[in-house]
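So, here come the structures, one by one.
Here chain A shows up in two complexes: once beside chain B, once beside chain C.
Now for the complex of A and B:
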């Protein structure tokens, strides 16, 4: 479990976070900012965060709080994908819950079948299903189920992206389409109670690959896995953004027609990015299931999908780190407010969003970048 | 917290206050910790975990909808803690770490059907929100109908929170059933009853039997729209017992004279008393001892005598059918005469054989 620490710590990307760079320019092209990027800064910050997350948190937090942090980090993985698709690629996706759900249900189905040990899962029994549905059978195989965690969301996103981006559907139309997809999936899952557990979803898991899912050690291990996966995906996404492909993606965001006239196909760039963000959401969903112990339609509908976009906006959508930060901050705020003020916490959560958006339209990351700039200007 | 959940919480806080005023339990005062499940299933599980692991509470009262209970069930079973669930539900469950103080199906839905049959209402139309309780309830209703020579003319579901019922009301009007069995949840009832009335279908021609409409909901629906229709519960604000007189008076004194009491509130209120009684009997708040002591605990409550069934941890309850009155109250027109033994799996009903 400590391996990811070293890996995360020693991966020393060569430049400073693009986060600050992009936040400065906002939607503007990112050309001039690269010159004040240094490698040491990013490596130091990333290592510090990794040590904090992988070593300090498990030591300092009680198991219950660590479990909550694991949940926030699952959402942060989805947020990272949204940061990539929306912040970098300009695709406002209001339906990431769909991909989160596909990954979550793939994992949940395997865990349910594994617990049932040859019998029918509990909810099928009380829904009057007598034979295991054909759709479920292959999910008894862990390798198949784990593959589906990524293959299903990526497949759906590739299909959707190919259909939609080829037709040059974008902006609000794309957002509405993804939102409709989330609403449709919820209706489908709720209606097929015998197949999906209906509104209750899949819950009550016991065994996670040979470990008692409720045990403290398992939960700590799961936390480390989630944190490590987030770290690796973050570095991967960062690398992607800084690659040729990433520059193309930014170009598509800021001037799709121009990119097309330069001979690139924006549809391909967008579809691939959308698929990557969907894959991330799928992985997050799969990790969420053993961490939280439930996957249900309420977790992947329109509202949770939008809440994640809000979290990314709060954190700062132009920076990948901002997206991650936003998800953790909003997750923590939700827990904190609801524990301290059970009657008013929803208003406070809303107020936090309004406050950040009014005072710092580029989110927390934009705010941080602004402070750094001011200090450098003084120096 | 949704309106209905707030009222249950208020009733539970009232019970805690009353018990404390009478000296507490085992010489100690009860101290409530309130958490909000936000009508969101994983949040219910998260808050339950917090109450058990961090606040180290002796027991938890709460939950609203079966989905919230199903989400909390593993938390309580794995941590060996106690949950008291106060809402009527679809049965088919009996967790060793949950006490169910609301009705199971044989204390609400089955008596509701018995009543309709007695009234000669043989052709039914089923209307429900699309989630687990209505779907399971309707499965039971269909099995009952098949065994009792009743006919189901239609079965329609709408998404939770749905408010457009003109199509559905047309379907119901065309089918001309003797009665409608309604398992719609929350706000959907407002739209359904309004549009039913607008279509000129009154309770005299086609009564609607509802199992999720209590005094609190009648206020929201607007009494003009729902007066004369039937409901099935175990308790009404008008139920005539000395305990209820006290409960209604105390609730109004604490929360306002315009407040009403309802079945889930009363079941939550009872839960606190039943737990306190079991703790007194056990001499400790330790979960296993309380569970053991709880079986057979019997109290006179606002709804009448309630007794915990030690085998399935449900409660013996008297079924009551009522008619909504023009003043928003519910008048009882039939009751089961005695508390019905809870049978969450309907094992004692031959017609329910194929269900579980």
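Now for the complex of A and C:
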């Protein structure tokens, strides 16, 4: 690597995060952050958060607020996947909405068919469709639909990843392509009114596996499911990052060519990670449908996809916990500001983003880690 | 058959607009490693400039939009973007934040609904299947490309710009003020987006989110054409414009974008670096 020529798409030292920060996970040397992440400290913090989320929140929050929190936790699952692909793997994906949507529509199609009970779903009748389209038929089977929630996003991500990463298309190019995919999917969904419900998407669900989806009890149960799924996926992702595969992923992010010269295939590492993050987004989409009661193109286009990337950046892209935190914080901020100052929200969101990128590129998690480090230094 | 021919000027004029937009993107990306998501909002700024100057005359709007959008680009470069050189992914997200704010600003200034700009008398009508407004857009793009080509290959500033694009450090060592070159590139690139905005008022209404419709496709032009390549951008923009309009014609509008996306992915299997690229031994 002599005479590094400045080229777009290359990771320059400035873009590379300090490897001592939270980013490094298991491989970090001893330091305050490492100690916080060490098993005992981590277990204590994780248990505290889990108790707070699983026991305290359902008891203390009124049903409407609990529903909102469930929605943010769904976004947090997507954010976790973005944190894995972008923060750990360096793949900036601007199209997670695609996978979120695939999972959501798979679930929505099953719920629609289940509610229709052998008849056509209501929106098809309105669009003048007379027979159930072949694409819909297998989704009447709950097992098939639930499998598709993961299989569809993972399949699309594997295909796209293989085609793109094999050709060493990466960096901003990859980001642009994922964004184009999100834009194309939205136009497709809006255009195929009879098949997808068009702009309205799939909504008006009544029954969720034998429970009234609007009932308070069902919603509380759904909240618990979402929180538990997030917890399990977080632990899984953390384990993955700390494994040998996780180290390889970091290595690919920081020096793809070197990894190639060492005999690994970076394309495989990246494709698998991208597929895992897509699967997470698919699960999140499927949970989102009964929680919020709708899946529509507006929820999965370019803008919502980038908004989640923004949330991850605000929370701290180099730490998985930061990604989750960012999604919840930004969710609350959005709700608060669109209730109090609807016109200012876009300015605030934009300004917040500019500020985070210029002043705190490691986000809230980076600021927190900095505080811990400073206190340790003083002590 | 007539339908097929009718699509031709539509596809070519869309390609011309994409070209005007993509030129700025490909040069800022190729030269500075900046992925400018706010570029779409410079289109919008150009279009609103034409809207404000309706009484004054269409030909005044073109240079005015160039200057307005160019200055916006220059301000963006001076205040924010220059802190992020060499970090393309960070500039992408940073400029996206800027684009959100600019869209909201347009909403506050001009209102959320679309506005219509009346085309000048002399651009109504057409010859046969060739409407004057679409012909004018093609001519505008052709003239812009010629001007850019002449600027890059026939002037001292252009020579310095090419030098910085090819090797920034070597150019800096040779005494070129790379900062100034970056500012000029940003000004010209953003200005061209403004010109594209004026062109768009001839074929449709103007709204705060006008730019978002073209920015994704313009980036695809950069991907397919190759970084910082003038001829690559021309070919890719024309191809993409035609592909868009014919895919819409033969399948339907909702499938067209999927077809285009699949075509780009397929194209990248053959030419992962785009149509044209500078050969180098540098590892990427």
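For this structure, a couple of remarks:
Rule of thumb we're sticking to: the second predicted complex is superposed on the first by the 334 of 379 C-alpha atoms of A that agree within 3 Å, B and C clash if a C-alpha of one lies under 4 Å from a C-alpha of the other, contacts with A are read in each partner's own complex, and residues count from 1 in each chain.
One rule holds for everything that comes next: a contact is a pair of C-beta atoms (placed from the backbone, for glycine too) under 8 Å apart; a residue touches a chain by one contact, two chains touch by 3 or more.
Quantities reported herein were computed from a predicted structural model and do not represent experimental measurements.
Of the two partner chains placed around the shared chain by superposition, chain B is the only one that A:296 touches, whereas chain C remains out of contact. Once the two complexes are laid over each other on the shared chain, residue contacts for A:128 go to chain B alone; chain C is not touched. Counting the residues of chain A that each partner touches, chain B and chain C differ, and the larger count belongs to C. Contact with both chain B and chain C is seen for A:346 once the two complexes are overlaid on the shared chain. Using the contact criterion defined above for the overlaid structures, shared-chain residue A:119 touches neither chain B nor chain C, since it reaches no partner. When the shared chain is aligned, chain C comes close enough to touch A:188, but chain B does not. Applying the stated contact rule after C-alpha superposition, one finds that A:217 touches neither chain B nor chain C.
Once chain A of one complex is fitted onto chain A of the other, the partner contacts of A:164 are limited to chain C, with no touch recorded for chain B. When the two complexes are overlaid on their common chain A, residue A:265 makes contact with neither chain B nor chain C. Comparing the two interfaces of chain A, the one with chain B and the one with chain C have residues 187, 190-191, 343, 346 in common.
Of all residues in chain A, only 62-64, 67-68, 71, 125-128, 187, 190-191, 193, 198-201, 203-205, 214, 292-294, 296, 298-299, 335, 338-339, 342-343, 345-346 touch chain B in the complex they form. Note for the complex: chain C touches chain A at residues 29-30, 32-33, 35, 80, 83-84, 86-90, 92-94, 96-101, 103-104, 108, 167-169, 212, 216-217, 219-220, 222-223, 227, 252-258, 260-261, 264-265, 268-269, 272, 280, 282-284. The touching residues of chain A, when paired with chain C in their complex, are 1, 3-10, 12, 14-15, 92, 160, 163-164, 167-169, 171-173, 175-177, 179-181, 183-185, 187-192, 257, 302, 306, 309-310, 313, 343, 346-347, 349-354, 357-358, 361.
By the touch criterion given at the top, residues 1, 34-36, 38, 40-43, 45-47, 49-50, 53-54, 65-67, 70-71, 73-75, 77-79, 92-93, 130-132, 135-136, 139, 157, 159-160, 354-356 of chain B touch chain A in their complex.
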